[in-house]
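A, B, C, D, E, F and G label the chains in the order they appear, each numbered from 1.
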Amino acid sequence: MSQTTSKRPLTVLQKNTKKDVIVRLKSEVEYKGKMENVDSYMNLIMTDAEEVNQGKTVGKFGRVIVRGNNVLFIKLENEF
Amino acid sequence: MSQTTSKRPLTVLQKNTKKDVIVRLKSEVEYKGKMENVDSYMNLIMTDAEEVNQGKTVGKFGRVIVRGNNVLFIKLENEF
Amino acid sequence: MSQTTSKRPLTVLQKNTKKDVIVRLKSEVEYKGKMENVDSYMNLIMTDAEEVNQGKTVGKFGRVIVRGNNVLFIKLENEF
Amino acid sequence: MSQTTSKRPLTVLQKNTKKDVIVRLKSEVEYKGKMENVDSYMNLIMTDAEEVNQGKTVGKFGRVIVRGNNVLFIKLENEF
Amino acid sequence: MSQTTSKRPLTVLQKNTKKDVIVRLKSEVEYKGKMENVDSYMNLIMTDAEEVNQGKTVGKFGRVIVRGNNVLFIKLENEF
Amino acid sequence: MSQTTSKRPLTVLQKNTKKDVIVRLKSEVEYKGKMENVDSYMNLIMTDAEEVNQGKTVGKFGRVIVRGNNVLFIKLENEF
Amino acid sequence: MSQTTSKRPLTVLQKNTKKDVIVRLKSEVEYKGKMENVDSYMNLIMTDAEEVNQGKTVGKFGRVIVRGNNVLFIKLENEF
């Protein structure tokens, strides 16, 4: 019933482009910034991103493309 | 005979959207919360989720998309 | 000659749904319980399952979906 | 010339069903027993199998299905 | 709406050929240089590249082809 | 020009069936013996094979099927 | 515009057959020698190759086939 395509994880992810996200990789490192774009493999472009390792900012990225297979999770902004 | 498609793991998983689950990842970390949606790759959106590591809550997520390949198991609510 | 499809591993696995199995994962942890259902990727639903680590029961699951790629082996009941 | 399909690894493997084999997994653990059946992914059903770890029998299996991606090698009986 | 193909990660990556990038691999080693070309698997040709390990230049490459599956991220030049 | 199919790695591998090879796996263990047959996935049947670990023969195999995904390299006899 | 197929990584790799390359594997070991041939999976045949581990030559290969999934990078000769 309510399982419409528009609620599927990858569709929801698409709807959140241009918003701030936190991407955690399998290596535990996190990238905080604007998810400029993303594809169905979870390859993503982030802009104005900070790299955070164990709570500390260890790098800054104006624009970076993360390869999707490294992603553990993507934390979205809370509102729907 | 009783092997109808409606009982297959991925179908049962779909039926449990909007319910509370515990997702354990390969890294042993667990996410407890509402499984807002899930796809056949086991990518899932969780809302109001807690991250639990060795029994301790280590994070809170309003809304998070977990990449399916990291999933070890998904514990469902008990009733069918 | 005797290589009929009905004896293939995945077919035999399907025939054992609703029976008790022991599933060992790559991480060496085992799940003992009823294999409610399984698909060709070895994703499986187990009910009334115990999680056993190095001989000790460390968890109980009313109903859990294990992602197939983590499976090392599935021990079946002995009769054919 | 002599590269007929009947000599390919997976075909030879199929011909050895119902024979005794030793299956070594990537984890170095070995399973000795009768290869009841096998598919092209090297998923296999073994019966009357012993689990051997560093030369010691550590388990017995009446019937077990091993997921093919864990297999390192399968030692066949010697005759062709 | 704004999800045009021209903004997808792999398309943006293509547009940045001939520009300087920093490629970090899963092993944490980085390659700085000109991304001469790249394909959709993120296989890439770099020219005049330096290999940097924990802040130190440890190698120089006139021309090197990196296999895409090793890539963690590709840092692009900042302007769009 | 000279890039004929007959020189491709998998074709050359096929031409070397029935010859002696040394197969090194990712685990660093090596198998020396006759490559009875091989397929495009690099699954191979070896006969009269020795297992060599850090220079020492640690096992003998009359006939063994190695799953291709474990292969690091296959050393061929030198003549073309 | 300038993204012609002839400049893609795998095409450039093909053009460098018969030339000397250095292949580094994920295990950090390197193979120096002539890239006799290569396919799109980066399986490659090398001839007159040296195996180099942490700067030391540890093996010699008249002819060896490396399975592509192990490749980290392939350093090409510098001229285009």
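The rule is simple: contacts are C-beta pairs under 8 Å (C-beta built on N, C-alpha and C of every residue); 3 or more make two chains touch, one makes a residue touch a chain.
Everything quoted here is computed from the prediction, not taken from an experiment.
Counting hops only between chains that touch, chain B reaches chain C in a minimum of 1. As a whole-number value, the distance joining the C-alpha centres of chain A and chain E reads 19 Å. Averaged Cα coordinates give chain C a centre that lies 43 Å from the centre of chain G. Contact of a single residue of chain F with at least two other chains is seen at positions 69.
Tracing the ring of inter-chain contacts outward from chain B, first into chain C, gives the chain sequence B, C, D, F, G, E, A.
Of all the residues in chain F, the ones that touch chain G in their complex are 2-3, 7-10, 12-13, 26, 42, 68-69, 71-78, 80. Residue ranges of chain D in contact with chain C, taken from their complex: 14, 17-18, 25, 27, 36-39, 43-45, 61-67, 69-70.
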